[in-house]
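Below, subunit A partners subunit B and then partners subunit C, in two separate complexes.
Now for the complex of A and B:
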């Protein structure tokens, strides 16, 4: 391998991690945009999505059916949580809601432990295609799928929020729930949609990332933390900003490991986060308000 | 109505007291006050005494009475180490059950009280304290990682209650008088595969260590043993065990042309290193920690095309042992019962705790004591005790008891363990 091919490998490595962080960050932003709430149980939708799909695949169900069934289960689960728990707290202070999402996260983790036990599950890559090889550096084919899915999700979300009436209503609810309510928008229903969206994207990220990692009931913690950092770097409100933040985070980690030292990887990432929070608290890619 | 009834009972007129008798009454009141004060002091002392008795009672009664011998189990049943905690719990519970079925220790049963340490040293320390002071444990067993073992060891030493742990924690008998370890010394888990590397002519080893105490230990010991086996450490990289990709580190190490990669980690991170090596087309052997000799790890790496080397005790592959091996019979008999009860054979983790319970039963039988000091002496005097992990020879200077020969190197072929070096 030449020096150039190492740089390419670091870039590919960054893209792999970055694509995972980006997708999680996007799912966090969706819930935040629709309900002004950082949902700390997002990591658990990621885990449930991946584990339900892994279980269905083990039972011999085809990939597409397993993917859709898992997606549907997660959407129903997210909607159910909103309907049973969050709905009752919508008028309560935001702090209480955040604490509630942490409590939901811990409860879901406990359920996952009961259902799937402590062992890790392996999901085979969706397509049996050899990794891309470029000047001696390799990139797993699954990464292309993750990037494709991220792009598709971004497109769907843009269309939904910009071009549909429900999307517009959800944005209005996030900006000013009282005014939206006076205009005849059902705030509870919009919050329900936001949670279902969040659950769906959390589950999709878990499913497409599963073949690159090993999934067990605690696997939602790392993506949640990194996704949250990516979201903070990219911007709390911008979906594409959060996705870019995810890729930036992954690439920074990979190049720090490759060019400086793996010991400083976390230190550099958190230094960047602190600098962003001090000088551009709304995020690097957030539009000025 | 009730008030009226009550009213009728209260006399409306009180008896008049003559003025001359007031002084007498005041004196009487003073006297009465003094008596009340005395009674109050007595009552307080009695209450304090009773409270003290209640506080002291559990440990006092349970440690001296003829009740069952309580063994406190501290296992990571939730958190990042939970996948191995279950093996340890199952192994120790079954062993205690088998001993009790056979009549206990001289007629007294063993009682295993298990708590979850949540993979956290702080929680493990709290549990250890509770097991000793509330449950009256005469022995502690369990733990899974170096920091958790350190936390339990400090409580065991402070409370003078012996603990038999099973982890990479290196027990220094001078510092940890009350601590024993049934896991093979980490030194063996590195020296034994290095012996294989030397035999196979693999002299350049690159290190890819997880950030944290385990990685530091692996790195230190690799550098300590490399010269003795003619091995050169060509480079070292670190990684976060929660990272989703380590190809950047591996690509850097690949430039150094190593003959093998050594990554001292367990479970998912070890499987991730193997998967990323396969992705980069690195077909050189990957040596991982001895904690990976379990069916869970086998499932994680079954489709990965990289030669993986796992140091292990004898429990993983008992059928490969010669009939002359004293441990073979012990392992096969226990593994049969384990399979009957749990549907899978015993493994490295269950073996650690099975041996811990067996040692406890043997030492209590020999000493007939529940006192920490005597039990420690009892273990130190235990020689040639045949367990699943090897033939234990404890001493005042060796609280591990096992030897380099008790460890072997395994690899994986067709989804099954295969013996590589013994």
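Now for the complex of A and C:
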């Protein structure tokens, strides 16, 4: 492999992890805008998505059906959590909200431990196609699938929030819940929809990456933290900013691991984050007011 | 009436429980005392977090980072440079103080989720530096053979002796924290919690106070780290992950935030709970999570607030 093909390899591995970070960051943003809280249990939907799909595939259920069933169960789970717990927490202090979503995430993780135990699961690639060779770099088909799905999800979100009436109502709730409720919008229901979106996107991110990584009940922590970083780079409230933040984070990470040091890559990424937070707390892509 | 007031004095209850606990819990075994020592260590940590979050309103999701720094400074200085445990502990506290003063000023200018994010990131940085700087810290495999605590040659190797020392220090931390809270400084901190701009309008130098309390709680955390390291004798980066910071938050809210006594109850409860739910094996995580969800929804004032309500009602 030439130096250039290494760079290409880093670029694509950055785009792959960046896609996952972008998806999780976007799901965090949607939930944040609807419920004014950062959901620390978002990583659990990633895990449940991947593990439910792995179990269904092992039972011999076809790929597409397994994908949709797993997606549906995460959506129901997210909706259930919003309905049972989150509605009770309107206008509570932030620390309590953080601890509450952490508590939910502990319970979900415990639930996953009971169902799947401590084993790690990996599923077969969605398409049995030989890895593509591109200027000396080897690119498995799943990488393109992940990027394609991410693009598709982002497109759907854009269509939903810009072109549908429910999307408009949800944006209104994010801007000003009290005014939206005066206009006859059911704020709780919009928050429920947002959580369902969050569950769906979290599950999708877990499922598309399931053939590349081993997933077990604790696997949701790191993607959640990285999604959180991507979200802060984008400034917490912007969906496109969060998605860009995810890709930026994935690429930065891939190139620091490849070119600088794999040992200190986390330290470098997190230091960059603190610097961004201090000097540009509204995110890198915020429009000037 | 008067007797009841004396009997419900939290200091008295705590001191008595500390005195008799190792004898009540079965066979005075090193294991039971060990759990009780962890209770003390986590109590110190959680009280610090309470001063920072409950009284000053500054969120931290990285409180374990200075716990790590204290433990590692103690471990490195005693095992590699032959310093006495007391000297190592003091060096850790001084280093933590200086470091938190340096990072406190820029970081505490952040608010709410941004502050949560920055403190979490700091925790991750500390962990990846510990794992990365293998030559100094032993990397992922940690440092072993840390000597037991000693003061001027008097060793606290016996677990019961160390237990009483650690709890004595913990009670000192409680007294000190309550003194801070009830002083004019404490009132300034509460003002910052309530409304920072308002506090500034009344002439409170918010940056100074926030940085000051940040230094104090991190010195506490470093102290807890040293006490922990000298007891357990072996430390590894896993003990100080973000997960630990998160469980400190959980202890704080479980016990009752903004009360100082709440963290004592929360920390002890959460350290002793696994010894009971341990029998549930794989159910443990689920049970702990559900208990916490339940407490947050139905007992938002935490265990201490609820206990206080019950005793008040009993008094009529």
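To be clear about the criterion, the second predicted complex is superposed on the first by the 282 of 289 C-alpha atoms of A that agree within 3 Å, B and C clash if a C-alpha of one lies under 4 Å from a C-alpha of the other, contacts with A are read in each partner's own complex, and residues count from 1 in each chain.
The rule is simple: a residue touches a chain if its C-beta (ideal position, glycine included) is under 8 Å from a C-beta of that chain, and two chains touch if they have at least 3 such contacts.
Predicted model only: the values in this text are computed from it and were never measured.
Q: Sharing subunit A, do subunit B and subunit C clash or fit in the superposition?
A: On the shared subunit A, the partners clash.
Q: Quick check for you: in the superposed arrangement, does A:85 touch first (subunit B), second (subunit C), both or neither?
A: A:85 sits against subunit C, while subunit B stays out of touch.
Q: So, does A:99 touch the first partner subunit B, the second partner subunit C, both, or neither?
A: So A:99 only meets subunit C here.
Q: Could you look at A:187 and tell me whether it touches subunit B, subunit C, both or neither (first, second, both, neither)?
A: neither
Q: Is A:147 touching the first partner subunit B, the second partner subunit C, both, or neither of them?
A: In the superposition, A:147 touches no partner, neither subunit B nor subunit C.
Q: For A:277, decide between first (touching subunit B), second (touching subunit C), both and neither.
A: second
Q: Once the structures are superposed on A, label A:266 by its partner contacts, choosing first (subunit B), second (subunit C), both or neither.
A: Once the two structures are laid over each other on A, A:266 reaches both partners.
Q: Taking the superposition on A as described, I'd like to know which of subunit B and subunit C A:236 touches: first, second, both or neither.
A: After superposition on chain A, A:236 lies in contact with subunit C alone.
Q: Tell me the contact category for A:113 with respect to subunit B and subunit C: first, second, both or neither.
A: In the superposition, A:113 touches subunit B and subunit C alike.
Q: For A:228, using the defined touch cut-off, is the partner it touches subunit B, subunit C, both, or neither? Pick first, second, both or neither.
A: second
Q: Between 127-135, 271-279 or 325-333, which run of subunit B pushes into subunit C after the superposition?
A: 127-135
Q: Taking the two structures together, which residues of subunit A meet both subunit B and subunit C?
A: Dual-contact residues (subunit A): 113, 117, 221, 261, 263, 265-266.
Q: Inside the complex, what are the residues of subunit C that reach subunit A?
A: Those in contact with subunit A are residues 53, 59, 61, 106-107, 109-110, 112-114, 116-118, 120-122, 124-125, 127-129, 131-132, 242-243, 246, 249-250, 252-253, 257, 282-290, 292-293, 296-297, 300.
Q: Looking at the complex, which residues from subunit A come into contact with subunit B?
A: Touch list, subunit A to subunit B: 1, 6, 9-10, 12-14, 16-17, 20, 113, 117-120, 122, 124, 131, 137-138, 140, 209, 212-214, 216, 218, 221-222, 253-255, 257-258, 261-263, 265-266.
Q: Name, in rising order, each residue of subunit B that touches subunit A in their complex.
A: 77-80, 82-83, 85-86, 211, 237-240, 242-245, 247-249, 251-252, 254-255, 267-268, 271-272, 279-281, 296, 299-300, 303
Q: Within the complex, which stretch of subunit A touches subunit C?
A: Counting only subunit A, the residues touching subunit C are 38, 85, 88, 92, 94-96, 98-100, 102-111, 113-114, 117, 221, 225, 228-229, 232, 236, 261, 263-267, 270-271, 273-274, 277-278, 281.
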